[in-house]
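Look at the two complexes coming up: chain A is in both, with chain B in one and chain C in the other.
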Partner chain A sequence: MAEAIDRHGLWADLGMDLETHDVLCSVLPQAFGDVYLSQENRPEGMAFWDMVVADVHGIRPQELVDAQAQGQKVFGTFCTYVPDEVVIACNGIVTGLCGGSQFWVPEGEKYLPADMCPLIKASLGARFGKTCPFFRIVDQIVGETTCDGKKKMYEIMAEDVPMHIMQLPQMKRPQDFKAYAEEIALFAKNVEEVTGVTLTEENLAAAIKTINERRKALARVYETRKNPDVIPISGTDALLMMQIAFFDDPVRCAQMANQLADELEQRLVDGVSVFPAGTKRILITGTPMAIPNWKLHHIVETSGAAIVCEENCTGTKFFTNLVDESQTSFEGMFQALADRYMQIHCACFTPNKARIDEVLQLAKDYHVDGVINTNLKFCTTFKTEAPALEKALEEAGIPVLDIETDYTDNDAEQLRTRVGAFVEMLG
Partner chain B sequence: MSLEQHIAEVAAANPGVRIDCYVLFSSHTDAMQMYDCLRGAKLNARVSTTPRQARSSCGVAVLVPSSEALQVEEVALASGIPYEGIVALPCQIDPKRDVYC
Partner chain C sequence: MNRIGIDIGSTAAKAVVMDDAGTLLYSVVMPTGFNGVEAAHRLAEDLGGRGYDTNELPCVATGYGRISVPYADKTITEITCHGLGAVYLFHSDGLVIDVGGQDTKAILLQDGKVKKFIMNDKCAAGTGKFLEVIADRMGVTQEELADLASQGEHTPISSMCTVFAESEVISLVGRGEPRENIANGVIESVVGRVASLVASMQANQVFLTGGLCENDYVIKRLSHHLGCPVTTAPSARFAGAIGAALSAINPV
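And now, the complex of A and B:
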């Protein structure tokens, strides 16, 4: 055996449980190899994201620690409704924290009911189990009032780490858009206090541009997936890009996504597809897929179908719609931010018909043959709106498969059977 | 032991199994430089996690087919990019294993 790269000093300084964390480290290479390195003809541009995963608890955490040493503050978030722009404007750093591994779930269940969604349990487990450097690095966590499970989890997590909660309206009336602008203004005060940096119209405008550029770059990659004849990138690879976008530097993320988009656009010209002609095209909708949750994508794409779009937080919700850059006052910019973020159609809103309309539109735009509506176990809001979504899809003549799963491996074979039958049914 | 002998030994111990080689590094920047260098030489290099069978901790490795390993070694040595070694292993990849993390 060769000499080990030593990240243990970094992790020890962060107060991590090194022995338990090492168990997690030991399973990642095999899972990554099975899911990612088994694919053929992947875009060269994926090398960057492969590198990030290969040292996922080393490279970016070290960057964050180095930034903290220079006086920057790190904000951990769990939701696409939290406006990164405000943090970036005050020279802060945003890192997404959602837990996507079963490894963290048992630790979370020590504090939370077992019948709660695995994303929430894994997130608390990662913090309390001291087995994720990102959770140890953050100076403050930004929670939000999306689902009841997260709200109650934040109360428990707040005993261990500074926490700011954003009140997210759950209806989309004009007064709700205004209320969220006011909430963003309150968040800005909090960010100023934590960072010690004054928010100005200039730095906020610059941050809005920065995050818009990231959105445009990610959207360019997705745009190439709309081509009805050539699939230039697998859904599994696109998912990885999106998962890492949550914690990478936004400028670098845009740069790498644009480079990937250049390559994919050329693939469209050259007719280079990662799937054989005629492969059935699937849109995934539903609950988010936090890193390293690759299970469903991998099963679908090794069962004869290709995923061409994800309508979820680790997909289109993250980058669709830009923030209006024409505003120059705080009031105008806060409202512009609220207007953009309130166009995300999460199941925590009522009514939420806009999500159904969006899925129908995306199904058309991406030329899909079928939709898989996926739900993390115990996510009541997404589960409750599943029948309405399925009815709308059926009325539009789009076959749909409803899947409820979690982070465990136990149902993989059953999922393979169900997905395989669905793909076969698509013809 | 030369790389050729090492690969032959691993192949003999794993009859009928594809043998892959992992180039190991002490930093991700070296790994990415090497990846670019090998791709520039038209070799089938891929960025990979470091398998536990090759080393006891995480890190970025470059995965190459054993059939190209000797060329990889030649290019790597000529490049001057630091690397720790090349480890041959029976294929670690199984897309139907369904063991996630």
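And now, the complex of A and C:
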């Protein structure tokens, strides 16, 4: 790894709590080393993501700060329903935000109930604790009415940072698809105001193409994981690519994912697998896994199984389905965007049977031996639909394990027992 | 050749020796204590004294302390082992409930194999730990707690958290509630938690393994809550170790 650049100047300029943030910086390399660098025969293409994560609070934040100096605006987002295309069209930048570590949870609990999901607590904690550069850099945050916990958290966060909330429908009737197109039009107005750039049919069409290219590139990587005999990349590595996709420039993300896909496709030809033949293939479905949450992947892949697909927001939900590129009017493009985003099957929708169908289809496509359905502790929506999903999987003859967990390590051994028993059961 | 199964639980460490025909030759249980490795050594000494050399005989370890057994040839999770052990003990498919010191598991057996399993979340409600804490607080053994409970009237303990339930018991004691009634409430609380944990698993018969299987009153109440017969066997607390021994067929 290259000599680390000292980023304290950047972080001080961003008004961060340097002392507390240093604690986080001191534990991440160890965690990353334990989980990632201990893996064998990793694709060379992972070097890019290794480099990014080694300087995760420096390399991309510095780019964002430089872009702001050139007049670009940065939008922080939490959710796969927010259309990046609109921001990109107006020369804005979209970035993910911090929320995947226990490190930020205690700060969040100062303002939020303890029995709220750790992703929400960590997000607020990262903003209020001044320990996440992305949260300091953003010109505006874009929230969305997905779950109740996030909605109410945004009210508290909005006291500290400019916030635009998108009204996401909670059903999927025809009028809801129309309503979301109108909501995207409203968001476009907000983006124009923040960026000072006028949205045109041309720049929006170009942005739709850009984000579609990113989707295609990420999907190519996933496509190689469907091979029933060769597993060219660990789930742990694929997850890292997905996690960083939320933060990276979309064109570079597509380029790097395509390079990785080239290598993985060659591995399929050469029969290069990162797991021994016969390793049990697992699909993970459920709540998102924000960086640096690698907990479950690490446990599964060090317990004799391989993860071959993630059906979640840091997985297939991020790239499945393209936006129709044939539309030329604003109205047509906004509707095309809404039609694509409304096909993401989050548990905040009712009914949400489409997610079950999606999981069943993916289980088939990826030739999985078992499914692990997981939710972050206190995620009411995902937890509540778990029994219906499990029933459908059982009826299809696919073994399923349900795991509720959070960002702490204190249940790691119990999880290891459960996952180990599940793998033994599949054997 | 004889083989050894070791089950290092959070509370009790168990070992069994089995011959090639699957006959149980010897079993021993001792407190795990603070250190799993040390418990494994104590078991090895005991087995050695009976002529069973842990370094010579094939040995599989299970239980939460399974990685602490230096002489084991391999480790297998307690879920799989309890399933195998239950099939050995009860000769039938069904639902195995193991109320352990740290966790409670339910294992559905089909065709002699684990079909599905559930474990309680990282919380002591509905586990042996809950009984242990409350029995300690009341100054009785767990067996005495069950005896008291059988003579008492139901007094609801509403807290699911062991720590809060302990405070609740203290306030019941302060209020002058008879010990029998409190004990009754405590047992009902554990049994009720176990019953709701396994609610999603349908079975015609239930086998109880683990430390609580020697407690007749608990078995009676569990049967009542589940609405089906609950069976146990004299060696049921060794189910995990038996399953481990059954897995240790091939010498290394």
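Here, the second predicted complex is superposed on the first by the 421 of 427 C-alpha atoms of A that agree within 3 Å, B and C clash if a C-alpha of one lies under 4 Å from a C-alpha of the other, contacts with A are read in each partner's own complex, and residues count from 1 in each chain.
Definition applied: contacts are C-beta pairs under 8 Å (C-beta built on N, C-alpha and C of every residue); 3 or more make two chains touch, one makes a residue touch a chain.
Everything quoted here is computed from the prediction, not taken from an experiment.
> Counting only touches as set out at the top, which of chain B and chain C does A:Glu404 meet: first, second, both, neither?
After superposing on A, A:Glu404 lies in contact with chain C but is clear of chain B.
> Using the touch definition from the top, say if A:Pro387 reaches chain B (first), chain C (second), both or neither.
Second partner only.
> May I ask you to decide whether A:Glu413 touches chain B, chain C, both, or neither, giving the answer as first, second, both or neither?
A:Glu413: touches chain B and chain C.
> I want to verify the contact counts: of chain B and chain C, which reaches more residues of chain A?
B
> Quick check on the superposed pair: does A:Asp34 touch chain B, chain C, both, or neither? Answer first, second, both or neither.
In the superposed model, A:Asp34 contacts chain B only, not chain C.
> Mind working out whether A:Ala421 is in touch with chain B, chain C, both or neither, as first, second, both or neither?
Touch status of A:Ala421: second partner only.
> Scan A:Phe318 for contacts with chain B and chain C and give back first, second, both or neither.
A:Phe318 contacts neither chain B nor chain C.
> Hey, what residues of chain A end up touching chain B and chain C alike?
413
> Which stretch or stretches of chain B touch chain A in the complex?
24-28, 31-32, 35, 39, 46-52, 54-61, 63, 84-85, 87, 92-101
> Can you list the chain C residues touching chain A in their complex?
Checking each residue of chain C against chain A gives 64, 76-80, 103, 113-119, 121-122, 200.
> Using the touch definition from the top, list the residues of chain A that touch chain B in their complex.
Of all residues in chain A, those touching chain B are 1-8, 22, 24-35, 37-38, 42, 44, 47, 50-51, 53-59, 101-103, 292-295, 298-299, 302, 407, 409, 412-413, 416.
> For the complex, which residues does chain A have touching chain C?
387, 394, 399, 402, 404, 410-411, 413-414, 417-418, 420-422, 424-425
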